[in-house]
Amino acid sequence: MTRSTRRTIQQRPPAAIVVAGCVASALFVVPLLGLLWRTPWSRLIDLYTSDIVLDAIRISVITSIASAFLCVVLGVPLAWLLSRVEFRGRDILRALVTLPMVLPPVVGGAALLFAFGRRGIVGEPLDAATGFVLPFSIWAVIVANTFVAMPFLVVTVEGALRSLDGRHEAAAATLGASQLTVFRRIALPMISPSLRAGVVLAWARSLGEFGATITFAGSLQGRTQSLPLAVFVALESDRDAAVAISLLLVVVSFVVLVAFRDRWWTRV
Amino acid sequence: MTLDASFTARRSEVFDVSIDIDVARGTTTALLGPNGSGKSTIVSVLAGLLAIEDGHIRIGDKLVDAPSEGVFVPVAQRHVGVVFQDYLLFDKMNVLENIAFGPRAAGRVASDAKEIAQGLMEQFGLDSLADLHPPQLSGGQAQQVALARALAISPSLLLLDEPLAALDVATRSRFRRSLAEHLDSFDGARLLITHDAADAFLLAEQIVVLEHGRVIQAGSAEEIRRHPATPYVAALSGRNLLQATNTGGVLAVDGSDQLLQTWDTAASGAVLVSIPPSAIAVYTEQPHGSPRNTWATTVSAIEPLGDTSRVYVGAPLELSADLTPGAIASLRLEPGSSVWVSIKATEIDVSQA
Amino acid sequence: MLFGHRRVTHAKCADHDKLSESGVMRRLASILCIATLSVLGCAGNGASSDQDSQVSVFAASSLTDVLNDLVLIFEAKGNDVVLNFAGSSALREQIFDGADPDVFISANEVVMGEVIDAGEHFDDPVVIAENTMTIAVPVGNPAAIRGLPDFAEPSHTLGLCARGVPCGDLAAEVLAANDVVAQPDTLEPNVRSLLSKVEIDELDAALVYRTDIRASGDVEEILLEPGVGGRARYLAASASANDAASAFVEFLTSQEARVVLDEAGFVSP
């Protein structure tokens, strides 16, 4: 047998498109180079082991994972409702759910404060009944993160559910499976690449969340100060620390996005 | 009657289906029709995925859909086993889990469901495939798993939607025969939906021919073959079916001394031979070349069928061939004409009888 | 507010431009550069240096309202001013990154000193105003805050500015000088976000500048006990050999400007 050789027949791409693509790429790459250029390499270990950074890492890890979990537990059922049940106001609800994606997060934080603050429409009765006040606690960070991150999960999962043709689900129904069983055992496994992508997106969005958190939860080292908040505060006092934390956020986010790239961009 | 369905259903503004079918327990009825004739709408309706507009559907002694009485049993409670056209196996589960899915969904404990699935796999000879996932199966294996999965819920009605369409021609005959066996072992009502006349004539006792959402003819295979109600039915039923014995590619046709040659040696011994009427060429003189599968005979009858006419030839083999009226005129064919017929060996479909 | 006009935007230069193409372009350039500056710290300041009559001013954000008012008066004298507000330290970083303002106004003497020491070409800074710390409480003072010692009470919900932000540094200084170990629930990166939380009664009290309270109508002020300290000095420095810049700094120390500063709650130096 002769070995077949594969000839590539890729054409030279048009110069104008290449130029525009390079400019676009530079827009992403150059700021990262700037960050690397300003990184205080010799102080890096000291900075990363400082109390402020270690506390911020702890808060960020806890809150981003907790909110990713909440996004799944609450967001997946919402995505199912939006994709599978026809009800009045569904389009409006869908728009509302995606609103945090386009809204300045600060606006979201203010809205959360008006809702769940101790003088908020829900927060005040909650305070009166239980004495529990959400703002300035780690729970507020988790709520703020979830508020901004959940749309990414809902949009991803709902899109995946809507693009399922429904025939496998119908087949499962003919076998006697209830809607819940069909969702859990058929639809969910079928959209698992999208679900994974949605979780990663939501988690990454929580990790980088700043505006809603500072507005709703405030900023206090060891309680509510996550990495992005620490960056912002450090910018005012210790720029080396700000750059070091920024670098950490960039590296972690980048590693996660690259690690999930295959499952995400090729399979979804 | 195990299936008693008489209804009108609507898929869209412009397309509705209105039929009346009865299927007795332990028998197979084929619903034969071209694409767009309303077959898939009927599958949806009977499975409970689409509600009827008018009429009633009774499965066993249970009324499952009757708008006038406000009855509609949802899909999950119908107990209609469906073998879908592309099987729709669950890729994320292995074969065992696929088959056990129905019993599990019905609330049986895992061990019971597994036992039921294992029993079926044994019956279907699928034991060795238990741990495989659907993408690893061949088309024929997937079809068997789909059938076993549908039977695992002990359905009162078995719906087979084009169960052989996804298989290639080479394996279709083999699986048609195994399907026939499995159908025989299921004692509920069987409804086979197909566009392939061979499936209908070989697997079903009763045939309902569907066109544009309406039944145009119903009856036994023999009745339909003898008296096709429309050119479509005639075209479907014109396929020449012969019983024969295959010995190394040489077919000895029962009740005739004419031998036919075939390339298909997979099915040997007693076989069923199928020859489409369009595969038979008719000449007024002995054709050159291909000496095999060519013989002299006489025209016994000519029937016009719309665009074509069907020419029947007599001894040594009674066959029908489809010719255009132009060809018939230029050959000056009429009943009693002496002709030569020729059949390409590749056009002869052989399946195990 | 003194003149009762709307809050003015930062890119003042555009208001006086004819709608010529160059005017539109310049307006765009100004807006883009301000936007870029405030986010990234952009290299070079394209908005000003080529034109003598236009003065680019980097100013501490606590001066936002009062400087907008003052600039209106100054511009009536025929000069354009482009304002860029941020925390003093953030402005310092922008200057170190190559931004080249004609005037730098810091709320922090140390920051100003760092900028001068780094060899940026500014004339000696002058004090243009002083500001004092005070306690902001929600209307009605629901938590009955009386003074600085209340900041050590854990049951209160309390806010301060973060360290590194002038109001935070000054608050820390004041608290330490009075031996108060504060129990804050949040250290806000800027005074506006701190005050807004007081306004809606999510915080019982916050330590802020008096001027911040003047600008926010929705909080009450509890004056610090006399003698606890807490004064901030605003210093302005103009770029060397820049007449328009020194004219602006001179204007800020004029009697005319003082009236506006006093009205906003600043104290004369």
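We call the chains A, B and C, going by the order they appear; numbering starts again at 1 in every chain.
Note that contacts are C-beta pairs under 8 Å (C-beta built on N, C-alpha and C of every residue); 3 or more make two chains touch, one makes a residue touch a chain.
These numbers come from a predicted model, not from an experiment.
**Student:** Connecting every touching chain pair, does the picture come out as line, ring, star, complete or other?
**Tutor:** Graph shape, chains as nodes and touching pairs as edges: a line.
**Student:** What chain is most central when centres are computed from CA atoms?
**Tutor:** A
**Student:** From the C-alpha centre of subunit A to that of subunit C, how far is it in Å?
**Tutor:** 34
**Student:** Averaging over Cα atoms per chain, report the distance between subunit B and subunit C in Å.
**Tutor:** 85
**Student:** In whole angstrom, how far does the Cα centroid of subunit A sit from the Cα centroid of subunit B?
**Tutor:** So the centre of subunit A lies 52 Å away from the centre of subunit B.
**Student:** Within the complex, which stretch of subunit B touches subunit A?
**Tutor:** My answer: residues 47-49, 75-82, 84, 88, 90-93, 101-102, 105-106, 149-150, 152-153.
**Student:** Along subunit A, where are the residues that touch subunit B in the complex?
**Tutor:** Interface residues on the subunit A side: 167-168, 170-179, 181, 185-186, 189-190, 192.
**Student:** Once bound in the complex, which stretches of subunit A touch subunit C?
**Tutor:** So the residues of subunit A in touch with subunit C come to 31, 110, 113-114, 117-119, 133, 135-136, 214-215, 217-221, 223-225, 229, 232-239.
**Student:** Under the stated contact criterion, what part of subunit C meets subunit A in this complex?
**Tutor:** Per the touch definition, subunit C meets subunit A at residues 40, 87, 89-90, 93, 157, 159, 162-165, 184-189, 193, 196-197, 200-202.
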